[in-house]
Each structure stands twice: as C-alpha cells, then as structure tokens.
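Structures follow.
You will see chain A twice below: alongside chain B first, and alongside chain C after that.
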Partner chain A sequence: MARITYITNTDESITLEAFSGSLMELAVQNGVPGIDGDCGGVCSCATCHVHVAPEYMAIVGEPEEIEMDMLELNDDVDEYSRLGCQVQISEALDGITLTVAR
Partner chain B sequence: MNNNRRASQFDDPFEEVREKAGFGEVADQDDPVMMLLRLKDVRKTAHNWKTFRSGATPGRIVVPSEVNIRETRQVPFEVDPPEHTDYRALLEPWFRRPNEQAYQEKLTALVSELLDEVLHRDKVEVVGEFALKLQSRALTLLLNVPMEKSETWISWGTHVFRSEGEALDAGKAAILYDYIDNQIENASRNPGDDLYSVLLFADYQGRKLTREEVKGVMVLTFAGGRDTVINAVTNSIAYLAEHPEHLERLRNEPEMVGKAVEELVRYFAPLTHMGRVVSEDTEVCSHAVKADTRVSLCWASANRDAGTFEKPNEVVLDRKINPHVSFGFSHHNCLGATHARQILRHLLVGLSQKVSSMKIRNYEENIEEWGEFRRKVGFHKIEVAFEAFTK
Partner chain C sequence: MMDSPDDKVVCVVGASHAGVTCAFALRREGWPGRIILFDADPELPYHRPPLSKAFLTSELGVEHYLLKPRESYLKDAIELRLGVQVANVQSTERYLTLADGRRQYYEKLVLATGARPCLPPIKGMADAKNVFPLRTAQDITRIREALLVSRQKRVLIIGGGYIGLETAASLRKMGAEVNILEREERILHRVTCPFMSEFFRYTHQNHGVIIETGKQVVAVESSDAQSTLQCSDGSSYQADVIIMGTGVRVNTALGSSAGVEIENGIKVDPTARTSDEHIYSIGDCTFHFNPHYRRYVRLESVQNAIDQAKVAAAAMCGKNVYYDAIPWFWSDQYDIKLQIAGLSQGFDNLVVRKEDREDQFSVWYFKGQELLAVDAVNNAKAYVMGTRLIRDRAIINKEKLADPAVALKSLV
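Let's turn to the complex of A and B:
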C-alpha cells in the first residue's frame, strides 16, 4: 500500500491510500480539486498535471516523449511535472507528495 | 452513393500533404485559410493565442467564415485571454455537471428510452431518428430545462445554421437567434435554475453579463454541440454495426468504455478544423504568414499523425496513449467536452447492454470539401436495423 499526499491550489493537503491504479484515478475518485482526468487517462487532456516532490522524482521517473509533448505547452510546467494518469501507484511511492499544477 | 469502402471506414485525406508540406490551402469567400496538418504545429499554434487570435471579427475563425451571417460574438469561443480566462472560470462548474451522479442517471435513462424506441423497428434512419434526438434530449440536461424543449430543437432538423459543405444559411441562423432571444427574455422575467437564468444573474468581473454576452454563450452551446455530437453518435453506431466483435468486447469489458470513446472520437474527429486570425507577421510550419490572414488547426489531420499515433488509421478500441485533439487543445478546448464524453460513454454502455447486433441497410455519406481535400465527416442518412440483446 502507498500513502499519497496531494497539495491543492488552495494549499489544502489531502492524504489518500491505494494499492493500484494511477495517480489521476486516485485523485478523481476522491475528488481532489484541480485534478479532472477528463479523458479518463489516455494522455489527451492534461487535466491531471502534478508536480512531484523532488526527492521522489527518481522513483516516479521522467515522462515519455508523448507525455513530454503534452507538458511542454503547459504554462506551469517544470522539471518535476508529470501527468498523473501516466504514473501507476505502487508501494515504492509510499509517502510521496504531489502538488496539483495551476 | 455507396461504394466499396465500408460505411464505418473514415480515410485520412491529409496524409500525403501532411508529411510533405505540413499544410494545405483552402479558399473561402476571399479570406483564404492556411490549414495546419501536423499534430505538433496544431498544438503549438492553438497554445499561442497572442499570435493566433480567436477574438477577431465574430464568425471569422470559423471555416467557412460566418462574418456575413452573424454579428453576435460566441463566448468564450471568440474571446482571448485575459477575458477568456474569466468567462471560462464562470462557465466551467456548470459545464462539468455531466460528471455528477444524478446527471448521469438521467443520461442512462434517456439513452435507454431512446434505444427502446428503435429496437422493435425494422430499420431506423440513425441521423434524424436517433442521433438528433439523443443530442437534443441530452441538451435539455446540459441547459437544465424541461425535456419537452427538445421537441422544438428536433423539429429544426440536423443543421442549426449551416449545412455541411453547402452554402451558409442566414435564414436558419435567424431561427436559432430568435429562439434564444425569446428564451433569455423568458428567463429574465421568470428566472429558474436553467442555464439562461444562471448566466443572466452571474457575476463576471464584478458586473452582470450583458444580454449579448448571454446570447453569445447560448449560441455557442447550441451550435457547437449540434453537428459534432450528431456525427459522433451516428459514426459510432456505424462503426459498432460493422464491428460486432467490438460491441461484444464492450459488453464483456465495460471498464474499457472510456478508452473506446476517446479512440472513436480521435478516429472520427467530428469537427475537422477551426481557424485563428494571425495578429502579426510570423512563421508557422517553416512558412511565412502575414498579419490579418487566417490559419486553421486541422484536428482531423493531427489525429492521424503517424509521428505520435501507432496504426493511426485503425480503430484500436483500448488505445492506451491517445493524445488526440478532437476536442481542440489549450485555452479554447471544447467547453462541452464533458457533456459530449458522457453522452458517448452512456451510448456505448446502452448499446452493449441492449443491442446484440446492428445491420446497416443503406447510407449516404457526408463528404466535406476543403481545397484539394475531400473528407468524410459522417452521414447525411444511414439506415440501420437494431437487433435486441437477450440474455
């Protein structure tokens, strides 16, 4: 199991627990504000953009090219940006903090 | 009108030009359009609102241009940031209602009732007797108005104010505009909890919206989701009629419905392209473009770009990575996308649960002509026989 914390645009901290699924699915199922997941997780809408806590970036990994292309046209992008739909939850992510992009 | 191609096959007419030049040219009422065909160019241009404007003369970013048939600015479609950002913030919560449980229960019932109407018949003309009805009835949910209102909208026929590939029709536009004026007037006298009333009493930048702004939002809501939803619904039915194995798969793997909707929407691209007006001399796709000329973002072509999509001309129903642009891209992405996605998801679920097979009897394709390109966008008519599913 992994404990995952989302920091919203209003600085609210929401901690959730999950065994599987994606970071987007977990957030949408629990109504985390700012993560919409409109396209259901196929990397088409970029409404699940999060900033990964730097110390977890090596575990989460860099985005693949198609995800990178989506992110590069996002105004709030940085080196810790990922689309939540493309990151699968595993125990390795236990304790991670994600900041919801603006 | 039928040829050897299967009814649900939608060829990509842009491939060769997309790969060689990257853009095509479309003549339109002395205001030509440079049509961008590659996914990356389409995205970059959509994102760069400062150079590629939507807030031009009302009707000019639409191809064919509507500048000669309307003056009302569609909101927020024909507005740029920062005003666009404030309009979107005001409208987003309302247009995200389709994700709510109660809304979806109504959609489930609506699809189910409509399927029951067609299941016992020998054949059904899907465009007029199914897709138009589904689109119109579902629109009552988006507007939060009584279901009876849809009867008027259905009586207007499939095109609110233009016929695909045919001359613009100012007469049809007047029907819609007069109707909306009346509805806004009624809402101002007897406010309720419908979209007209919500807009009339909304706060925008510390003031109320003007009647003209309310009208601009309503015209967009009616017109933007009409042909597009009708085509998506009709084409999806045609596809599943010719691919019963996929209907079967949706029945057995309902969790796949979300991905299937995205893939069908990618493949069909119900809106071929949308224009922008260039604000300064610049370059796009290694080609100089002048200020005050038009470019268009060809969603249909971008969706088949082999640089991003594997097997771009195949429907891969559970395609996992699918960054299509059928709902546009960046600031101006489709405001009605949440509603459209839910209609299609509920349609696929309803079909998989209630229909065992569908047979296409006859059809007439709707082919658009854009300069050298001929693109099938849907059907003028398609007759289908539905066979009920019995467990």
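Let's turn to the complex of A and C:
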C-alpha cells in the first residue's frame, strides 16, 4: 500500500491510500480539485498534471516522449512535471507528495 | 412533489460527459440550490471513448470507467435520477414531465441530451439478429456476449468512421474476423483528407481487416445465428455480428418541446444559453458558434462537451465567460495514437510532415496561409505545436514545416 499526498492549488493537503491504479485515477476518485482526467487516462488531455516532490522524482521516473510533449500544453511545466494518468501506484511511492499544477 | 420557485433547482438532462461536468462545475461555481441530473441510461455515468477501445477488449465492468465515483455525487449534493427518461419540457411554467408522468420544476434547465446512433433504413434490419449500435455500455456488453457465443466470430461493421475503425481494431485484438463496409469511396471520408484515409486503410489491412468502399447495404436477412447482407451493387456478405457505425442523430426532441431555436442541433449563444433565458444546452447536441473559426459548428467530442459544460455552469452562476476553444479530439487504434487539433473543414491546401520514425507524421491543413487543423499520428509534439500555432494564427513557412530536419519549435 502507498500513502499519497496531493497539495491543491489552495494549499490544501489531501492524503490518500491506494494499492494500484494511476495517480490520476486516485485523485479523481477522491475529488482532488484541479485533477480532471478528462480523457480517462490515455495521455490525450493533459488535465492531470502534477509536480512530483524532487526527492521522489528518481522513483517516479522520467516521462516518455509522448507524455513529455503533452506536458508542453501546460504553461507551468518543469523538470518535476508528470501526467498523473501515466504514473502507476505501487508501494515504492509510499509517502510521496504531489503538487497539483495550476 | 413540486419545488417552489425559490428553491433554485437546476435540472440537467443527460448525465454523460457534458451533463456530469456541468453539475460538478455548478457546485464549484457556488450554485446554492438543488442540482438534479437525469439520464435514461441506468448506469452510473461513464466515459464513452473507451467503449470502442479498452472497454470492448477488456472483461471489466463499466464500473471501471466511471466519470466520477458514487460518493462524489453525494458529497456535492448532486441528485442522480438514473434510468429516468424525460418526456418533455413545459417552458412557460418551467417544469419537466418525466416518462412516468411526474413533474419537476426548474429554475434553470440544461439540455445535455447528446446524440443517438443513426440507423439508416435497411430492409430487414429490424428483424435481423445480432445487430448492435455502439453508443452505450449496454451496447458493448451485448457485443461482447454475442462474440463469446459466436463460433466463427465474423463481424461486419457498417461505416468506416472513427468509431467503426476503433471497433475494428479492438475486435481484431479479440480474435474476430472483421469486415468494414463503407458507403463512400474512402473511409473517414467526412472527417479527414485522402492521405489519412489511405494511412488508416493500409494500417487496418495490415492487421487483417477487410475494408470495402462504395458499398451501400440495402437489405439484411438472418437465419439461425448468421446474417446475410445485400449491397446495392449486388454483392453479398455473411456475418455473425453486425455493428452499426453509421454516425449519429442529435437528440433535439426535448429542445423542440421547449420551443427553443433548433438548427443542425440546439442553437446556443457563447454562454451556452438557448433562445430561452432559463434553458442552456451543452455537448454533442448543440449548434454553437466557434469564435476562432467564426462559424457555427456541431461537434462530437469530449473536449467540446466539457468546455461548454464549464461555461454554462459559470454563466448560470452569473459569471461573464464565453466559449472560445480550439477543438481537439483523439482516436486510439492498435498502437496508433491520432490527435487532432482544430477543425479542418474548408481547407484548400495541406502539408504532410514525416518524421524520421516511420510511424510518426502529421498532416497540416491550411486555408490559404491560415493553419486550420493538424492531424498528428504518434506525434504529440506536432499536436501541441499545432494547437499553439492555430490559436496564434501564426503564419508558417510551409517548406520548413515539411522538412523533418527543421524542429517544429523553430517554426514560431
């Protein structure tokens, strides 16, 4: 199991627990504001953008080419950006903090 | 039970991408009253795009493709009335009549009634066996069941649009024999250029799908489990399962009963309001103005459903917002990801840009010098840059654009 914390645009901190699924699915299922997941998780809408806490970036890993390109749709993309639908939850992510992009 | 006029009830008819987004957006914008969502479909609202893609090939139930979990509706006090058909709208006294005769008063009404499959008149179709449209979760469940019991699994798809093609790709994955009959001289005839049509024809044929064009099905007859289809040119085909990918009809009946203006869909202004100040309309069922392209359009896409829903919600809550989006769309078939930015209708010249990777390219549609749209295949870079360049009405050097050695970023 992994405990995952989302920091919303209003600085609210929401901690959730999950075994599987993607970071987008977990957020949508729990109504985390700012993560819409409009395309249902197929890397087509870029509405699931999060910034990964730097110390977890190595565990989460770099985005693939298509995800990297889709991230460019957002203005505040940085080296810690990921699309939540492309990151699968596993125990390795336990304790991670994600900041919901603006 | 009737609500009194001061209860500030919003009724949303249609609980799919548009209606559900609108209901939640209303709460976020601070709507103080009741929000009631009606849908004839008994399922908790789900994503439609996976129906022809991941949902068809998986064994999972629709509960894995929900737009929102049940608790979200409770939390935001959105009242779901599922499995309930709304029969008509009485717009002078402002109430809905449900199929069972009950009435529901509204302060604001949102028509998010979408579209239904268009089933062309084909002799014998009503009595034919194993004929399925492809619009609801139930349609998919039935297709899956029919395939499961079919020994030969010969599927005939009538219509080579995106939904027909996605379905073909999914069915191949499931081991079915797939034949597509298209009435026009090429697949995707209505929505893309001959180059893209040829690319998809080639791809599908490589995956063993038989595509035949110029085929108008005129009659069908079933015996036992199998059906025989007759085409106008005298040819005939045998199938165990028939899937109708023949486009949609807009659901305008409620709009008509409300007396709002209807043209190729329910006509709305830039705030998604109809000709009746208490009635809004969003999603596939609307005929709306696109400011970028300066014309009225009717779209069938998740993007349009969601963006219009948010605008309507904000407008009902008294905010000054206008619908102004560059439309986008996607389609996934086999390992191909097609992403479309903009609307290509009306183009008079195009540029094909082939990247070094063979399965990666993009088609850029222009009217004169103005970029209208981009079809990007396995090429999100082109999609993203295309979106920007369309929005900015950038003037592009077409020679450079056609040269894969020139980075897209350097085009701006």
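In this section, the second predicted complex is superposed on the first by the 102 of 102 C-alpha atoms of A that agree within 3 Å, B and C clash if a C-alpha of one lies under 4 Å from a C-alpha of the other, contacts with A are read in each partner's own complex, and residues count from 1 in each chain.
The rule is simple: a contact is a pair of C-beta atoms (placed from the backbone, for glycine too) under 8 Å apart; a residue touches a chain by one contact, two chains touch by 3 or more.
None of these values were measured; they are calculated from a predicted model.
> Which partner reaches more residues of chain A, chain B or chain C?
Touching more of chain A: C.
> Contacts for A:95 in the overlay, against chain B (first) and chain C (second): which applies, first, second, both or neither?
A:95 sits against neither chain B nor chain C.
> A:38 in the overlay: touching chain B, chain C, both, or neither? Say first, second, both or neither.
In the superposition, A:38 touches chain B and chain C alike.
> Would you sort A:61 into first (chain B), second (chain C), both or neither based on which partner it touches?
In the superposed model, A:61 contacts neither chain B nor chain C.
> Do any residues of chain A touch both chain B and chain C, and if so, which are they?
Touching chain B and chain C on chain A: residues 36, 38-40, 42-45, 66, 69-70, 73.
> Once bound in the complex, which stretches of chain A touch chain C?
Its residues touching chain C are 28-29, 31, 33, 36, 38-40, 42-45, 65-67, 69-70, 72-73.
> Quick check on the complex: what are the chain C residues that touch chain A?
Per the stated touch rule, the residues are 28, 47, 49-50, 53, 65, 68-69, 72, 75, 302-303, 306, 330, 332, 337, 339, 378, 380-381, 383-384, 387.
> Which positions of chain B touch chain A when the two form their complex?
Going through chain B, the ones touching chain A are 40, 43-44, 47, 96, 258-259, 261-262, 308, 319-325, 327, 329-330, 333, 337-338, 341.
> Under the stated contact criterion, what part of chain A meets chain B in this complex?
36, 38-45, 66, 69-70, 73
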